[in-house]
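Quick one: the structure is below, questions incoming.
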Amino acid sequence: MILDSNKVAAHNDGLYTAHKNKLVFTASEIAETESIIKKLIDFQIAIPSWALGTGGTRFGRFPGGGEPRSLEEKIEDVGLLHALNNASGAISLHIPWDIPTDRNAIKALAAQHGLKFDAVNSNTFQDQADSAYSYKFGSLQNVNKSIRKQAVQHNIDVIQQGVELGSESLTVWLADGSCFPGQLNFRKAYENTLESLQEIYEALPSNWKLFLEYKCAEPNFYSTTVADWGQSYSYVKKLGEQAKTLVDLGHHLPNANIEQIVSLLLMEDKLGGFHFNDSKYGDDDLTAGALKPYQLFLIFNELVEGMDARGMNHATDLGWMIDASHNVKDPMEDLLQSVEAIMIAYAQALSVDRKALEIAQNENDVVKAQEILQNAFRTDVRALVAEARLRAGAALNPVALYRELGVRDALIGARGLKTVATGL
Amino acid sequence: MILDSNKVAAHNDGLYTAHKNKLVFTASEIAETESIIKKLIDFQIAIPSWALGTGGTRFGRFPGGGEPRSLEEKIEDVGLLHALNNASGAISLHIPWDIPTDRNAIKALAAQHGLKFDAVNSNTFQDQADSAYSYKFGSLQNVNKSIRKQAVQHNIDVIQQGVELGSESLTVWLADGSCFPGQLNFRKAYENTLESLQEIYEALPSNWKLFLEYKCAEPNFYSTTVADWGQSYSYVKKLGEQAKTLVDLGHHLPNANIEQIVSLLLMEDKLGGFHFNDSKYGDDDLTAGALKPYQLFLIFNELVEGMDARGMNHATDLGWMIDASHNVKDPMEDLLQSVEAIMIAYAQALSVDRKALEIAQNENDVVKAQEILQNAFRTDVRALVAEARLRAGAALNPVALYRELGVRDALIGARGLKTVATGL
Amino acid sequence: MILDSNKVAAHNDGLYTAHKNKLVFTASEIAETESIIKKLIDFQIAIPSWALGTGGTRFGRFPGGGEPRSLEEKIEDVGLLHALNNASGAISLHIPWDIPTDRNAIKALAAQHGLKFDAVNSNTFQDQADSAYSYKFGSLQNVNKSIRKQAVQHNIDVIQQGVELGSESLTVWLADGSCFPGQLNFRKAYENTLESLQEIYEALPSNWKLFLEYKCAEPNFYSTTVADWGQSYSYVKKLGEQAKTLVDLGHHLPNANIEQIVSLLLMEDKLGGFHFNDSKYGDDDLTAGALKPYQLFLIFNELVEGMDARGMNHATDLGWMIDASHNVKDPMEDLLQSVEAIMIAYAQALSVDRKALEIAQNENDVVKAQEILQNAFRTDVRALVAEARLRAGAALNPVALYRELGVRDALIGARGLKTVATGL
Amino acid sequence: MILDSNKVAAHNDGLYTAHKNKLVFTASEIAETESIIKKLIDFQIAIPSWALGTGGTRFGRFPGGGEPRSLEEKIEDVGLLHALNNASGAISLHIPWDIPTDRNAIKALAAQHGLKFDAVNSNTFQDQADSAYSYKFGSLQNVNKSIRKQAVQHNIDVIQQGVELGSESLTVWLADGSCFPGQLNFRKAYENTLESLQEIYEALPSNWKLFLEYKCAEPNFYSTTVADWGQSYSYVKKLGEQAKTLVDLGHHLPNANIEQIVSLLLMEDKLGGFHFNDSKYGDDDLTAGALKPYQLFLIFNELVEGMDARGMNHATDLGWMIDASHNVKDPMEDLLQSVEAIMIAYAQALSVDRKALEIAQNENDVVKAQEILQNAFRTDVRALVAEARLRAGAALNPVALYRELGVRDALIGARGLKTVATGL
């Protein structure tokens, strides 16, 4: 389904006056809105290939209808999202869930939708029907060298597929760990994992990055072999300059100060990118910004400050990806809400008065520092995000337009009510 | 120190044009702003008598200067806050820290500042020099009947003092609990506590409420005898209609859904009131709204919905109190920030489109329900809160005016740099 | 597969001398071991019908071999466990996963293995192929009356099936809740749930109990409609005397004091029973006692003290059930380990010197109270548990005998390597 | 107060027969008990100088009587503990709380009691009356260079004092951090702290170690500048070989897998030592092993395995210290209980069948691995710990002898009922 640009224009026309008024007022409240809008236009958040279908939990899954039945349809769906919000211009493949059969056709299709191929993901947490070995007791950490070899080779294969699509990074998230005390020797699990990662790292093209994601628990419930930022950091330091830590917002123990972790990883030149989502209890994979929008802002506050301090390009020097599971919402609407929340947090962070904040910090003026951050957060920046979309030809209100156009019904009509997206 | 109303007016004049523009714009975004502003004017949040001094932790305390040296000076400080924000029109005494010596003079002083006496608090977590018995192993729960009697009598004395000041509620927060398994018999501790509470309840005037606060931990680190909302609920159900549960936002286990608790207590007619603060790790007693402003909004969202469903008066039918500790900020500025955050959350909750939300809920339109709540939260309502202050003769920007007037320096001049506020 | 009693005897003969020595020594350390052994013989822990197969997480499932393919085979497996440990003499059916087709045959089969039918479980967290309505947005809480009716009827059907099998209790665990703020009205969800529960309660035979289980999160990640013990308590108080709260050890927020909850529910005559498992992060469903054996002991310490205070029968007055998921272990071995850990905790609790503990508590002798509990926990009671098995004709070391007999290989031989147990 | 060795002997005589029987039985259960007993005799746990007095919380303090009034009396108290258990042969000074005035006399007194001076601790979380600058906003992290210099100099002074007493390590625990978002720039706080630590490190004698302790929160409640093991690790890697990470068991976020952290720090040669205590909610500083004895065992399991893998000396190559606060117990009894729990965990870890465990791990035999660890934990090793004391001339039951001798009453007689120990 291709979005008709006339319909976008009609939608925008209807909202234009109210938008313009709001934009003018916003510009009276925030300095340098033009600069902010330009950065918002450039900012793109990749959509994982599995996220177009309804997710589930171990207790079940309640699928919606019209879900994509193939990688082609997934690309079409991401293309539609990108047409609606001009902020989802990339797709992140999970392999072996989404292996292109005809790479040239896939690349052409993506290009047609203005999409790039972001990081490729090498899933080794499920067994495939044709695999020689099982990952029941881990992949890169496995006590069995043959199993480690199989997992290393899978990663190398994934890199190769990514190269052909134009990806430039590999995300390694490992389910490896243990469910019970005594199950594994932590040190040997670390050493096996490091050895495996080194073999993968050696296969990495020189312009690629390897993102090593950490997670405190699940699906292993006693230990995880890359369990926290410190463990990921200790691996990527040993691997080399192209290896970086990837932060998934839902992968921390309760009460963790994620923004501080982000700041320190940036300082160490070891931050690779993000998996955005929100959570209350564990790795809940809820819509980004749905529960802790202030935390999301504080994270972007560190990102903007830290990237600027290093002279980094906001749009391209880190990997930005959604990693949420869409259990009770239409996945497309959920993704639009996630992207919107991320753009708002980014816009708020861009509007922080950094000079005043630095002065307040140097004077230990805690009250003032809080006022500055909360002012940026409390100010309504949505008109800036909408304006960025407007200028790029996307919709002022993507969710509203998605509904006006009856996209889901059209997809159900085209694909059927009961479809099964590959992946989770 | 009495705030000069001319100086308030001058401050407001300087900010008026920008404020008015913002107010007009806000009124274009939110329906029925007049009704909201009126509710904001009526809404008052009590200040605890100990909160005017710098707090500390078990690791130390770093006092500021000019702290109040007497109950009279505390009332003056609250009076100043109220003059600045017209939202702190009550003081909540902690006894035995703040026992009036001349009640009539104290009442007159409070009246002069437009202050009421909110809930009185019966501290039984410290020993007093003249006490016969120690609370080392608890007060109302104590295995020693004589100690329980002492604690019960203290509560009854506190009620009597409250009666004479015009208070109409008693807040009972118990440090009672245990630090080690086996230390106490949970059932007997409950039964002792219930018996003690019943004796206190019998001494309660018929127009009073008894608020029973719960807390998961600290200062006891294994068990607390009123540890969660369910335990408080089970006590207050047995006590009678005048007994209610008090919710302190910092007293929950990690990840608790406080807004759901609030909704259910309201449903059961067992919600008494609030102690506002914010926290990240435990009972951190940080400035309200400093870390989780969306949670604060969601709580007010339940309060507005639930109180309206029961036909309750927002301003008077529940107890609203700050309970934060001001360790690294000027306590007065901290209190102004807390009150501001609470008023903003209340205003946001008042602006929720409840009819649309109810429809979305009835249709299981989760995306829409989120849009409605987040729209209310993302919309900048600060002009409404400021307008409420303006109409009541208070300051458009209380913290700014507090600083312009050099209040802290004046207090240091009057009271000295090294003073010690009674209480924590 | 039926356990050959000669093989049990041969196994026991080989271990007898060492066992006897240990038993004699244990009897020199613990008072009244005979009384303890008798209680251990009587104590039975029900096995859920789904637990004989390998569990999984949302990330995948790694099945073992020889899993039961039918309810009949599940009963055989539980029968085998019971023959090995004489402590698993009941099975708890999850419906609609395990609906008997020929009830008389099933009852005869169970009787042949010495098994009773414990609580029946009414799963409403998955959609069935033939269902008119979906539980995507909840069952008993649903805003749609027809969906609530379907779920109520399912519960009533489950009761009916239980009646015919000889069960005497219904366990209601609800996945109902919400994933996002605004998704549901907490009060109305409560009221709908209460109304539904009342309809189910009315269908309850007079000799039955209704167990209402609570859970803080999962599969809903913002709110759960029966989220904590206080919420369950408030429902069961309204329902009537036959309604009780069921405690699953993994369903609490981090750091919750479960033993205190147990004590208070017993005090209120509202404790119904247990789902045993262990966990570190969330509802991890690990082998009971695998991570926090001291907590398990402390819970049994409260159970023994509280049940004795009420004159309750340990073996029959509460429901004792395993509720763990066997992801990386042979499910049969895992269940044997869980039951062993529970029996040890029970034996330790029975050996606590209660008179001395009461004296220590009355004297606030915290050090002594800890010494008493830790002495009971540190003393090795395994010989008592083994002796209870020996006297009942079961194995001194069930896991060892299970392995000696090559049970899993035999099951694989009989059932095949790739089988799928119904249920999770 | 000096323990009369005749009284120890008399105490031991009374318990000897029962002890011997138990020891013989234990030796029938555990291999190589002689080797274990020898290691237990050598194992010493340092007592912090502040721990002889009753601790408190921010809510108050309930002192006992007879508390030491001087460093001399503290040394005497530790000497008494060591005479009772032969496992507390070191004292760890907190400075400026406990600065020796006459070093030679203090060294002689310690030597008389058989005590060494363990790590010295440089407290910079409180202001001293004679300090030029305040640590309200941090010490080594402070934005003010002069304040950092003061804190660095204090650390260097502490090293100097330690050198003269014979200490060989400095423990740096920093309260530094922030209470509110925006209060500090995380990167600059890190850089300031690193620079300060480097200056301290340069002053370190070549035979010394610098232990950098981490803590997730408290007394700062938004961020801590050395917040987790990863942050400590990143500092000590930059500092050099003599810098190591110190693990305090209570300083982690909820549910952290501490034993894995311990294993990895050992692997990296960056583990320095331990502060032992137990906790349920936060940094509760309860008696070691009082709540999570299995966790304590699992930590020692990693320590024994990891130290042996590196050929380290258990007794001397890491720092072993108590760091608990004795709020509701006699501090001396509490310390005896902590040390006992630690020795038990160590003995259990020494008794693990490591060869069998390694085989089980290599076969992914999770059930077997759990059996091996739980067998070591469930076996009663207390006779080994007691035998180690007996052989070293200490008491078979230290707490019992402490009570038999009426030590506390004697101390109250000598020192008075109301004394104040320096420190917390």
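A few notes on this one:
Labels A, B, C and D are assigned to the chains in the order they are written; within every chain, residues are numbered from 1.
Just so it is clear, a contact is a pair of C-beta atoms (placed from the backbone, for glycine too) under 8 Å apart; a residue touches a chain by one contact, two chains touch by 3 or more.
Chain by chain, the UniProt names read as follows: A, B, C, D = L-rhamnose catabolism isomerase.
These numbers were taken from a predicted model, which means no experiment stands behind them.
Any chain that touches chain C and also touches chain D is listed here: A, B. The chain pair B-C and the chain pair A-C differ in C-beta contact count, and the higher one is B-C.
Centroids of chain B and chain C (each the mean of its C-alpha atoms) stand 42 Å apart.
If you average the CA atoms of chain A and of chain C, the two centres end up 40 Å from each other.
For chain A, residues touching at least two other chains, in rising order: 136-137, 178-181, 183, 216-217, 222, 254-255, 257, 280-281, 287, 290-291, 294, 328-329, 366, 370. Interface residues of chain A facing chain B in the complex, by the touch rule stated above, are 21-22, 25, 28-29, 254-255, 257, 280-281, 287, 289-294, 328-330, 333-334, 337, 341, 344, 366-367, 370-371, 374, 377-380, 382, 399. For chain D in complex with chain A, the residues that touch the partner chain are 136-137, 143, 178-188, 190-191, 216-217, 222-223, 227-231, 233-234, 252-257, 259-260, 263-264, 266-268, 294, 298, 301-302, 305-306, 309, 357-358, 360-362, 364, 366, 369-370, 372-373. Chain contact summary for the complex, chain B toward chain D: residues 55-60, 62, 125-127, 134-137, 175, 178-181, 183, 216-219, 221-222, 254, 279-282, 284-287, 290-291, 327-329, 424.
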